[in-house]
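In the two assemblies presented below, chain A is common to both, partnered first by chain B and then by chain C.
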Partner chain A sequence: MKLKLVLENISKKYRNKYAVKDLSVKLTPGVYGLLGPNGSGKTTLMRIMVDILKPTEGNVLFNGENIHSMGDRYRDILGYLPQNFGIYKNFSAHKFLMYIAALKGLDKHTSLKKVEELLEIVSLKAESKKKLGVFSGGMKQRIGIAQALLNDPKVLILDEPTTGLDPKERVRFRNMISEISRDRIIIFSTHIVSDIEYIAKEVLLIRNGKLIEKNDVKNILKDMEGKVWSALVDEKVLNELIQYYKVGNIMRTDKGIEARIISPQRPVRDAVTTPPRLEDLYLYYFEENQSDEFAKVRAL
Partner chain B sequence: MDRYEKAFEIQSDMKDESVEDILNYLNQYTVEFPVEEEIDSTIDVLKQYMPNKNERMAKFCLLVRMAADEITFISKTYWIACTILFIIGYWTTMREIDNPYATIIVFAPLPFVLGILEIFKGRDNGMSEIELSCKISSSEIIISRIILIGIYSVLMNTALACLLYIFDNSIDFMRISVLWLSPFTFISGISLWVVMKIKGAYVVNVLISIWCILAYFAFTNDTVIKILLKLNNAVYLGIIFIGIILIAFQIKNSANRYNNIFERGNEIEAGT
Partner chain C sequence: MSLLKFELYKMFFRKITLIFIVLSLVFIFLKVVQDWNEDKMPQLHNLVQEYNLTNGNVNELKKFSATEKSNLYAATNLFYLQDTIGEQLYQNEGLKNDLTQESNTSYQYKANLMEQKMLKGLLVKKAYYFNTWGSLINNILDFPMAVLLILIMVSGVFSVEYASRMDALILSSKQGKRQFIRAKIVANIIFISIVFLSIVSLTTLVQIFISGFDGWNSPIQSLLYYQGCPFHLNILQYYLLGVGILLMGLILFSMLVLLVSTITKRPLTSFFITIIISFLSIVSMPRYGFLKEIGVYCDFLRPLNLFRNFSSYNIFGTPVLNIIVEPIIVIVISIAAVYLMSRTFRNHQVVN
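And now, the complex of A and B:
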């Protein structure tokens, strides 16, 4: 049977504030990138999908069954990496993974085999006997990724998994996710848009707890065509552009300042359209007070 | 031969034509057999309504089994600290010729209170979110650790009481048992309650310090010590009962999977 994770009118209210509001989405096997600014409700949504947080309204259904009613059966097929997670500093990498494997209900023989396999995948085999207390941020993150994969999950939820990874580790991680995504539903959030650009089947854009767009990268970028401009400007024009438009990359060259501007209309006379990137999309949807940010930077 | 034909075979006196008519008539009601995929999906949906047999008992057995498995994941420092405490306890009690009962009262709650560090180490190390997503949740881990540390503390105190009873003829076994059980259950219950409210390993240090200071003031005052050791048995039993209720209440609170930091709204993400 084809896997299906359906979120039906999910809302989560804390006191009088909505973290997620009336969000509905249907997910099938593949990688989904969850994109949104800080405070947009990504983590809350992921916690609801993991069933460690009850939605105020709505249901999450896995293959037609409410995940809360499924209980342990859902946890059997679930892998989760939280955004900020702690570790037992006195445990070695091997012992830590064995511990999580025990919590996931794996038998000792399977655990040993799987732990060895995952330590190899996340390149921590040589450090498997070292205490986690001496691990770097990137190594801890890799251990976090490994623990999420211990039970060979059908639903894999990763909250900012590439934080702390160096570029080489990020490429390895992306390839690994891409490889295993064929028969799994993988949802991951990140601020590093390039991670999503390469592997996501679809991008979910979330703002103020609401889903504002769900589409594949190609289509989303197609919608952006003609809205991204490149122009060579001087300091004075740049200041004006920053005030009135969303400005992406700024590169100072010998000829002047090359600015990337996101705007439905031509921002300056010499501006030419340029192929959009996911980074531009992020600015287009989420960057609102850019002039204030620039003002702060310039004041320094 | 299909079942309709079989059924009509016995009616040998019926004409073939009539049988044929009836068969044709009935064939209109043939129901298509559903495809395998539809059957599987129906079973999957209906599974949620299946009653679970002896779910509570099974869960309890699982917790006990987990407690046994947890032994390897409990810090060695804890086991060593408890062993040292046991030796010091025995040595001090044997030297306290005037009043061995007073010493065992002071030592009785310490293994459990020290063990609280182990019980809540997942929460204090920021592991709760990962543990909650596992089949065995952080609340079940906490309960299994309470069981493990509780059993270990009871064994330690019982062993100490037995040793004292064997090597000191003047000791009344029943009396010494009641005397260690009272502070053990009561202080353990209070400590659990405090630790459930306040996060952090330092809380255990504060609790142990408070207990030691109280014990010091109580046992350096002859009047207080006499009153404490000569209370009516019903009072000791009452204290034990309150302690057990406190512990049970904390276990019940821990058992709620959703009774966690996220549900209390400490980490609100958005506001619309």
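And now, the complex of A and C:
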């Protein structure tokens, strides 16, 4: 049976503000990138999908059954890496993973095997006896990733999993996620668009608690075609561009300043269209006009 | 099982546990040493024997000042024997009078009759020396400092998981909403039993080593505050029974403490609430409104309350001893606390 996770009209209201509003989505095996700025409702949505936060309205269904009613059965096939998760500082990495394995209901023999295997995968085997209290942010994050995978979850929910990882670790992590994604539903939230650019089957764009786009990377980028421009400009023109357009990468060269501009119309006479990237999409949907931001930087 | 082992590890290998165990031991040992008077005790022992042989004709007694006498109340009943005899006679006379005034079908009549029967043959007529046991009862049962410290040690069992942000991992795991709670409760019971019984055993051994075993078979009524006790027990029997009752009270009361820790989000808050409710329960909980039921815990955290006087409940006109009724009340409240605690933790919403 093909796995299916369905979110039906999910809303979550805190006092008089909606963190998530009337969000519906159907997910099948593969990696889903959840993209949105801070405070857009990504973490709230993930907590609802993990059943540690009750939605004000709506249901989450796994293969047609409400996850809350499924209880232990749902949590048995679930792997979750929360953002800023807790650890016990006086536990060693090995002990901590054995503890989480016990929480996940794994028997001792399986736990030992899985823990060794995952410590190897996250490159922490040599540090397995060290206390978590002395671990760096990146090492803790790798422990978090390992614990989420202990029970071979069918539904894997990862909230900002690449935070604190160095570029090499990020690539390793992305490849691992890609490898295991064939028969699992993986939801992966991030700010770093390159993390999901190559591995996400679909990207979910979320803003102010609302799903504004759900499509595969190719199609989303196709919609952006003709909206991303590249132009060689001088300082004065750049200042004007920043005031009126969303400006992406800026590179200073001997010939002038090469700027990447997001705009439905040609922003300057010499601008040429350039193939869009997921990074441009992020700017297009989420970044407000950057003039204020730039003004602050320039004033320094 | 492995979850239980981890929970026990978490409880035992905390700095606060070590600090409080050391504090409890230091406090109790200081009391033991303070109570022991190397010069006075052998002399006192001989005086008790002489007193009984001469029917109270001992001149040496006059040499003890009032302060010395009051400091030695836990070692012998020599200085308040006459008061005890007087009080017991007065109590018996009072009961006889009450029986003539009450209708023989009333609850009060039945209760008085029951008390009179229980008190029969329990009059204290001679002096006893019981320094070891008097001290132990005084330090462990009558003002259980160790109990307060142990309750503080378990005060943050659940709230610490919220504060350390482990709640998200726990509640999203298969065993996080059932087995985890069970493991916490069982670990709490084992932890309390081990710590409490270790403190009691160590203190008892040190006390016996310092001041001997004498006086174990003195009647409980020879102890100050227990003259009106209606139970036929010697001091050793009472001490063992008291330790058992205290342990049971401690375990059952800890369920309320655990409930507090599931409700409060910060360990420090549960720490202070625990100090307040434990202190009130040990010293004296006001017994009105809903506090009346919780106040029953006082008797279990301070066995003196259960044993010092005859006390019964009116159950459909029949007197039933508090020692039978109160455990039932406390167990029912504790079961309700366990239910609420499980519900609160299971439904905890991970927001921050």
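Keep this in mind: the second predicted complex is superposed on the first by the 299 of 300 C-alpha atoms of A that agree within 3 Å, B and C clash if a C-alpha of one lies under 4 Å from a C-alpha of the other, contacts with A are read in each partner's own complex, and residues count from 1 in each chain.
Simple rule for what comes next: a contact is a pair of C-beta atoms (placed from the backbone, for glycine too) under 8 Å apart; a residue touches a chain by one contact, two chains touch by 3 or more.
These numbers were taken from a predicted model, which means no experiment stands behind them.
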Chain B and chain C placed together on chain A: clash or fit? clash
Of the two partners chain B and chain C, more of chain A gets touched by chain B
Requested in this report: Would you sort A:K54 into first (chain B), second (chain C), both or neither based on which partner it touches?
Outcome: both
Practice task
For A:P264, decide between first (touching chain B), second (touching chain C), both and neither.
Solution key: neither
For A:K42, decide between first (touching chain B), second (touching chain C), both and neither. first
Query: Given the touch rule stated above, what does A:P167 touch, chain B (first), chain C (second), both, or neither?
result: neither
* To do: Please work out whether A:Y99 is in contact with chain B alone, chain C alone, both, or neither, and reply first, second, both or neither.
  => both
Query raised in the report: Now for A:F85: first (chain B), second (chain C), both, or neither, which partner does it touch?
Result: both
Intersected contact list for chain A, partners chain B and chain C 47, 50-54, 72, 75-76, 78, 80, 82, 84-88, 90, 99-100, 102-105, 147
Listed in rising order, the residues of chain A that touch chain C in the complex are 47, 50-54, 71-72, 75-76, 78, 80, 82, 84-88, 90, 98-100, 102-105, 108, 111, 147, 151
So, in the complex, the side of chain B touching chain A is made of residues 37, 40-41, 44-45, 47-48, 69, 73, 75, 121, 125-127, 129-136, 141, 257-258, 260, 262-263, 265, 267-272
Chain A contacts chain B in the complex at 1, 14-15, 17-21, 38-44, 47, 50-54, 63-66, 69-70, 72-73, 75-76, 78, 80-82, 84-91, 95, 99-100, 102-105, 144, 147, 208-210
Counting only contacts in the complex, chain C reaches chain A at residues 2-3, 6, 10, 13-14, 161, 164-180, 348-351
